[in-house]
Structure formats: C-alpha cells, structure tokens
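Next come two complexes built around chain A: one with chain B, the other with chain C.
Entry: the complex of A and B
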C-alpha cells in the first residue's frame, strides 16, 4: 500500500498563470508532454479558456505523477508559475504551504515578504533575444532547472517538437537561457546559505 | 678541481684587497671560484647578478664593503636590496636562494673572506650543480664569427609580410604614438629603407628596437601591411647576427625567460598563492598565470606594483563560479617577450616545454588573464609550428558567459572609472569589447573613456622589455593626463605590463604628484564587487 505521503511526493500539481497571449497554455502543454512522452510518466493538462484568452488572466493546470491521475483539476498547486500580477493575486492563496513560487520579476511583485520565491526577468531576457513571445519558453527552462519536475532532455525535446517550424533553434536557445539562469540561481542560493556571497571570501 | 662554477663579484675597495692578500700569501682559494673585480657592488644590478646564473653559474657571491665603509655612500645598501630581490626570484624559480649571497669585508678581512668562500663552496657542493642549461654559451662562441645579415633572409621576411604593398602614404607615421611624441621614427621609412637594402644604416638599426609593436600602424594601414610582425621578424634576423637588442632593465627579463628554457628547472611558480584559493590537480581546465609574480618581486622597491593580484583574483572569480582549475606548479613564461624581442630560438624552447606540460596533463581548456599569454598561446604557438590540442579562453570571455547566465549582481563602487586597453587584446586580437561588456555590468559612479580608446588606444609605452626611452616616458605622461581628463578615481587595466609602465611614469620626481592615479586590474574590481543575487 502506498501511503499518502509517498503519493504526495511523486505527484506534482502545477498551475501556470499569466496574460492571454503570453503562451501560458503552450508552456503547460509542453510541460505535460515532456513528462508523458519524454519521461514516460503520467500527466494531465487543463487549459482555462474564456474571456481570459482575450488578454485577461489565463491559466493552465498540469499534474505530473508516476501513478494514474484520477482527477485532472488542480485546487492547491505544489508549483505556481506567475507571469502576471493578476494571475498571482488570483492563485497565490491556493498554493500549498510548502509550494514553490516562480515569477517573472518585472511583471509580478509579491505582496508577502515572508513568501519565498524564485524570480527571473523572463520577458526582459526574451526581449534581449529579440522575441518577446519566447518568455514562456525561458520560464519553462527556469522551471525545469529549479523544480526538476521534468528532465532536461525531455523538456528540450518537447520544446523543439511544439514550437513552429524554423524557430526550433532560437527556442532551444531561449530554453537554455532560462535553464542556465535557474541553475545559477540555485548555485547562488547554495553559496549564500554557506555565507559565500562574493568572490573574495 | 671540480666542475662547479662560482662567481665572486669583488668590490675593488674592500673585498678585492682582501682577495689579493690571499693570493699574495698563496692561500688555498677554492678552485671553482672565479673572481670578477668590480668598481662597486651598488653597480651590480639584478640583471647582472641573474645573468651569471643564466650563463651557468652554480653560485654567486657579491662581496662589498662593510656598511658605512662604501666609498660612494649608497653602494652597500643598493647591493643588499638587489641581492635580496634576486634571491627571491631564484627561490620562485626553485633555483634556491642559497646560491646567491651578499657579504661585506674590510680590506684586511682576508681570513674572514677565505672562510666565507670555503663555507659557501661547501654549501654549493651540497646543493649540487645548477639545473640551468647555459643558453648563452653557444651564442657567445658563435658571436666570434660575426656573420653579417643574410640578404636572402631579409628578402624573405619582406615578401612574407608583403612589405612591397606599402604605398608610402604615411598613415602609419601619423598614427604612430612614438612619432606623435616627436620621436624621429617612421614605420614607412623603416619599411622603405629595408626594401632598399639599407638595413645596416644606423637609424634603421636603432628604430627597429624602438618600435612598440603596438599595432596602431597596422590598424590604420590601407594596404594591411603588418608592420609589428615585420619588425618582429627583422629583430629575429638582427639577433641572429648578434647585434644586441635594446633591452630594458639590463635584459633581466630576457635572461629570466631564457633561464626558464632549462628543462630540468622546476619552478615554484604558485607558492605565493593565498590559501583561500581552491584548485584541483585533476581538472581538465588549466589556469595559466604568467610572469606577474616575478614582476612584483623585481619592482617591489621601485614601483611597488602588485600585478599578481590579477592572478589571484582571476582564480577567485573561477572559484566563485565553482570552477576549480588545475595550475602548473612549474609553470614557465609563455615566451611572448622573447618572441617579440627577436629570440625565436628560445621562444620555441619555452613553447615546446609549456605545450608538452599541458598536454601531459590532458588539459582541454586553458584560461589566461594576461593578454600577452592569451595571444601567444592562442595564435603564436601554432603559427611557429608548436601545435596545441587545447582551447585557449581569456578570462573575460568566460566571465561574460557565466555572468550572462544571470542571478549574479554587482555591488556599487563609489568611484569613477576609466579603462586602459591592452594592445594585445584590444588591437592585435581585436577584442576591445570584451572588457567593456564587463565594465558595463559594474555599478561605478561613472565610467568614462579616455580620448583615445578601444582599438585606437595609446600604448602604455613599452613592449617586450625592449627600447624604452624618453619618448616612451612622454607617451606615458600623455596617457596618464588623458586618464586624469576623464576625472576618474581608478584607472582600470587589463595587462600587468600597463600597470608597471604607467606606474613608472608616476614615479617621476617632477610630475609624479600630478600624474598619480590608482590603478586596478579589471579582474580585481570584478572580484571585489561580484555577488550572488
């Protein structure tokens, strides 16, 4: 018999949220695909359609698990990715107490000082790459590096399969940028934790 | 009789008198001692002391007058400092400082002198023969022949660099920093004189050694005549016919580099490294430091530069990004200065020794911070037939790559900065953007370029320890005035030599105060301010 805690560990419930048009839904789909097709695990994907997709808050719900998923809706996410302030306001209350919050640091300003979060200037980085719409792929790379909810190779494969023909290379580059940023962030945290913030010790 | 070579430099006034007494009395002076009478120990420079070792001495004694008894006042003091500096350099080379001693004697101290010489010779016998291969011996033998310049070889150099393409337009001379300082020096004149077969004329011979090889003329030349490389090869030919170059500092650094070509010499290049720096002998990434540790010892009493900081701070930055590189404990000079001062033979020896040491360790990537090492390892080794199978990366490239990944920030610097380009990186390698991209990430009060910057920047006044003169000094003064015109507090540098040469101008007794400005290597500024966000 599997106890509830094991179950909990192996299943990750994820909500991605942002404005309509940011590619939130696509990011959710890639994430689910990476888990199912790349990592050979179970995954579900729910997209919220409606007036949101015309510029309001929009969200995608993804569950990744080793076991069969009986119910695809996410009420309390383990991982919450916010690319808009409205999305943040709407979902932050539902996050599990030990949930991981990932935000675009230029678009979301967390209210609570106590809440730990990982931030990345995804939209700014996408603009620097010349394509603002790749912010979602950068965020996906960041998510992969920070949470390891899917494997790196599976996520890369899913990205190159899902993006339009001819943009594969630049999207993989964007994904890697996000991933590098996430790894640098984790390294920085680890260093800070042992008191090494600078180069001169 | 044994095979040891011990040189006794004996001051004419005290020790030489004592030595003569020993000879008069038929005392048994150890046979390996060769005495050289000198006017005063204060005139025996570090270069002369070291040259004895380069030429195969196993031990050297500098014998002077007792403190206060120096006929010229300051000789003993100076000799003591010179000996101490040279001893430390011997120690860094693992030649052992015990091989060089300074001792003082009164004229009637003959017994003390004999005892000293016997003790010293015993000590040297215990240390064993010097591992240095006397590189100059063969040179000295050949020099008797005094062969002239081989005309065919000169023609070859002219054709390799296509000097005939020179249109005699004069752009080079109008850009040349030496010519702009008023020196009667003209690249195009040198080129046309050599083409005309006038290589032996005194003005050409002198000017060949004055060229800074800074590359500004090549940058401006409409026919792309690579004048610096042409000069380099002509220097090689002149050197072959044994015409001495105009080496600065008495040729100390060339001596040092030639000494480093001895395969048996195992240096202690990194012994000074601070304890906080982590390195890993198994790593496939190697950090190649360069000669800064020698410079710092050589110049400590005069300029007080600390160019090794660039090395330790580069290593700290690698550590910051969790890179623990390998280091060559017995690292040798890359050979840049020998190559550019015409000694290709010994340059090749160094290149082969370095490359085989790096290959032996299975190194895949070499990281350098010195622009000269970078240029030499990356391009000149292969060009002169020493193939390398590793990648050469400048620390700026690596830092840019790592910092660009993100999550790294910089603390504010409440200072104003300006930047001195290195000729090797900014012009010969055309990478003036590398340091600038990094500087643009820093948070200083202000960053302002000097009037001449990037690929048009003015040289620090000297290259390859060759041909320094009053025009070099004037050039440095001009450069430092440009730095002051930016109203900056710190002159950021990227080459240890820029620091040494510009510091030299600041030592000027009349202008020093006016020219003084803090200098700091870019890697040190980054290391001081970088932090995880």
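Entry: the complex of A and C
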C-alpha cells in the first residue's frame, strides 16, 4: 500500500508567476521538459494564456510525478516561484502549509515575517551578466538547486534545447550562476541549523 | 527534404502534436484562417508543410478555407484545416458539401467558450452537438475527442485513416486546454505508423461510376484529372454523380451516406474503460473532461466508492451499444463535460430510464475540478 505521504513525495505541484515578458512561461516549459525528457518522469505544463501573458500577471503551472498525471491544474502548489509582487499576492494564499517559496528578492517583499522563503536577486544578477532577459534562467538554476525537483543535468539539457541558437552558452552560464547561488544558500542554512542546535561536528 | 515523421521524444503542446500527427498521416495540404486557440496548428503546418513538399494556404476566411480543403482532396491530396467555434460555424456549409460529395478530409476544432466570440482564450466543449448536426440535412459524421497531446497525435492519424476509408470529413473535437498544454509526445518510427489511403478506381474509364459503393459501402475515388468522369456536386446525385432531383435518388443517396457509417460502427467506435468491471456508478466523459473524471475515479475509489469511467474516444457515431449494455447493470450514470449537457442527453437516451443519469457540467471557461465529480458521487452513494 502506498500511503498519502509517499504520494506527496512523488508528486510535486509547482506554480511560477511574474510579469508577462519575464520568461515565466519559458521557465515553466523548460522545467516540465526537464522532468519528462531528461528525468523520464511524468510532467504536465499549463501556461496562462491571453492578455496576461503579454505584460500582466502571468503564471505557469507544472506538475512532476512518477505516476500518470490526470488532472493538469495546480490548486495548492508545493513549490511557488514569484518574480513579481502581484504574482506573490495572488498565489501565496494557495501554497501548501509546508510549501517552498522562492522569490526574486528585489521584486517581491513577503508580507508575513513568519513565512520562510528562499530569495535570490535573479534580475539584478541577469543585469550584471548583461542580459536582463535571463532572470528566468537564473531563477530556474536556483529552483533546481534548492528544490531538486528536476536533476541538474536534465535541467541544463532542457535549457540548452529551449533557448535561441547562439545563446546556449550564456544561458547555461546564467543557469549555473543561479544554481551556485542556491547551493550556497543551502550550505548557509545547514551551517546555521548546526549553530542553532549546538551540534558538534 | 526534411522528414515528415519526426521520430523521437518531445515536449509538445496538443496543437503542435496535432500538426505532427497530420504530417505523419500523409497530410500535404492545409487551408485555414487563424483563430485562437487553434492558430498554433496552422503556424506549425505553415513551417512544416513546405519542408515535406506540401502546401499551406491562409485564406480570407473559414468558408474559403474549408472550400480549399475539399478542392485539395479532389486533387488527390490528404488535406485538413483547424479552427475554433466561430470558424467551425462558418465551415459548416462546406463540411456539408464534403459529406454530400464524400470528400475525405480532417477538420480540427480546438474548442473555446461560446456562443459567438465567447471566451477566445478559455476552454469549453460546447460544440459537441454542432459537430453532430451543425450542417443542414440528415447525415452521419465521425468525431473524435483527444485527452492529451500524445493522444491527439495518434487521433489525427486515425482521423485521416477514417476519412480516407469512409470518404467524409472527420472532426477532431479538441479544446483550448489540450491544445495549449504540454506533455511528453513520442513520435514512433515510420514503420509503426499505419496510414490508409482512399481506394483508387480500376477498370474502364468510360464505365466508371463516381459513387458506386465498394465492398464496405464506400466508392473508390479518383482524383480530378486522372481521366475518370468526376462530376462533384452538392445537389442530390446518383451513382454517376449527376444531379437527379427525385425522391428516389434522395433516398438512395442518404441511405448510402448514412449506411457506410452505421454498418461499420465496430470499425469506427473506440472507447476506453477505466475501473468498469465492478463499477456501480459510471462516469461518461471525453476530451479534457475525461482527465477530470480519471482523477475523480482515483479519489473516489480510495474512499471506497465503486465508480468507473467510460471514456469516449469516438464521440460520433455515439457508442450507444456500450452504454446500453452498461445500463443493464449500473446503478447510476454521471456525464462530465464542459457544456450544460450535450452528450448528457445522448447518455440519457441510451440509458432509457434504466438508471438515473446526472450531469456535472460547466458553461465553459475552465476545466471542471475533480472535487465536483467526487461530491456528486458522494451525494449519489
């Protein structure tokens, strides 16, 4: 028998949200493709479609599972990625109690002090790379490192397949920057956790 | 020349998978007019058809687009179009011409909320009865309903095969969600894809009759210009194709047009059972709503409710026999669809009062969440 917790572990429901034009839809598509083609798991990808994907608040919904996914819509995400305050306001209330929140720290300011989250200055980092458009790819690297919802190699492969010809290298570089930032965050947290509990190595 | 069959694994939307299925089936003509949410099919065909020696044409409207599809078919090319509700309405007259002139072709309707301009970017399944009876006169039609990008790839091949076998426009009733969602799509090797082509006439050209039924009730079809006498008219016509406006000819022609479908139901109709064996309650659903229903069956089964699903892969001709059989042993039916009860009435008709039939419907704009189906099941349980 499979208990509910196992099922919870196997299926991850993800919402990515931001402004139209930030590459939210592309990031969601790459994530879904990485799971389905790179990691050989099941995945569905639904994009918000219509005027909102062209400047307004837009979102992408991705489900990754080891089982066949019947219903492709996400009601309560396990992972919520916010690249705009409007997107954050719209979806934060829907996140599962133990959900993981990832934000672009310059664009999103969580209201609740109690809310745990992982933050990255993705847009600023992209600007430093000279390509503001790559904030989505940096965020994708960050997401991969922090949540491990897809494998690193599957995500990198999906990134290089999905970006325009001639921009693969710079996009992979952007992805790796986000990934490194995420790994450093995790290490920092681990150290802090050890410090707080007073554990001796 | 680029390959027509892109064997491999992809992460594709339903619209793109539909276009790839068409190319794999041998489609080499697309005539269309862009409309949300079907435009991506036209876009893909516009890129891909020239790569395989085919023709793409954007017409001034859907009336003309459907006319080009019929013309291309009579030139001997497998042809298709794709549209959504408003365009589907405009195509109705020429779909009827295709039925009357027994012209093989495929029409995809990526459904959105209606009536009229309705909800251009949001899903619905409100054109199911229009698919059945939208053109005037009495006729039989074939309509399929895909539930995933992978399935629409295969269904498009099936649609071409059925249209070539039975010589009529075959409809694919997709919707905005299936059209725009992405999932893994596996395109098999060429050798694993079965494609059928219309039978060609043999024998003396001077004795040829354009609509003389073959063994399965369907006539062989020459292309215009091959030397056979090809008189193609929407007027009531005899086996030679000549207009004969009499009661007898009308009787003969309508009998031929309907019998080629009604006598081959076993070859045409496809359904998929899910937990039907011990089911006390049965969901009837199709297309994207079947995904809601599959999820609802899984949730309800965990709560001890003996429910199953009959997924309609073919919606028209309606799988009457399967539902009549189920009605003998099932305590309740629930139809799940994104309209206010179009297929529901067909289910009621087939169940014939032997069990209660309820509807979980929605006027359009969104998928139906599984919770609503589970609630209905609990009420009934």
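Basically, the second predicted complex is superposed on the first by the 194 of 201 C-alpha atoms of A that agree within 3 Å, B and C clash if a C-alpha of one lies under 4 Å from a C-alpha of the other, contacts with A are read in each partner's own complex, and residues count from 1 in each chain.
Keep in mind that, in the parts below, a contact is a pair of C-beta atoms (placed from the backbone, for glycine too) under 8 Å apart; a residue touches a chain by one contact, two chains touch by 3 or more.
Everything quoted here is computed from the prediction, not taken from an experiment.
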Q) Looking at the overlay, what does A:144 touch: chain B (first), chain C (second), both, or neither? A) neither
Q.
Tell me the contact category for A:37 with respect to chain B and chain C: first, second, both or neither.
A. second
Q.
Between chain B and chain C, whom does A:45 touch in the aligned arrangement: first, second, both, or neither?
A. second
**Q.** Which of chain B and chain C A:120 touches, first, second, both or neither
**A.** first
Q.
Going by the contact rule set out at the top, does A:59 touch chain B (first), chain C (second), both, or neither?
A. neither
Q.
In the overlaid three-chain picture, which partner chain does A:185 touch, first (chain B) or second (chain C), both, or neither?
A. first
(Q) Show me the residue ranges of chain B that touch chain A in the complex, using the header's touch definition. (A) 276, 313, 316-317, 319-320, 322, 402, 405-408, 411, 526-533
Q) chain A touches which residues of chain C in the complex? A) 9-11, 37, 120-122, 176-177, 180-184, 291-292, 294-295, 298, 367, 369-370
**Q.** Partner chain C, residues of chain A touching it in the complex
**A.** 29, 32-33, 36-37, 42-47, 49-50, 70-73, 75, 158
Q: Spell out the part of chain A that touches chain B in their complex, as residue ranges.
A: 120-121, 125, 177, 180-181, 183-185, 187-189, 191-192, 197-201
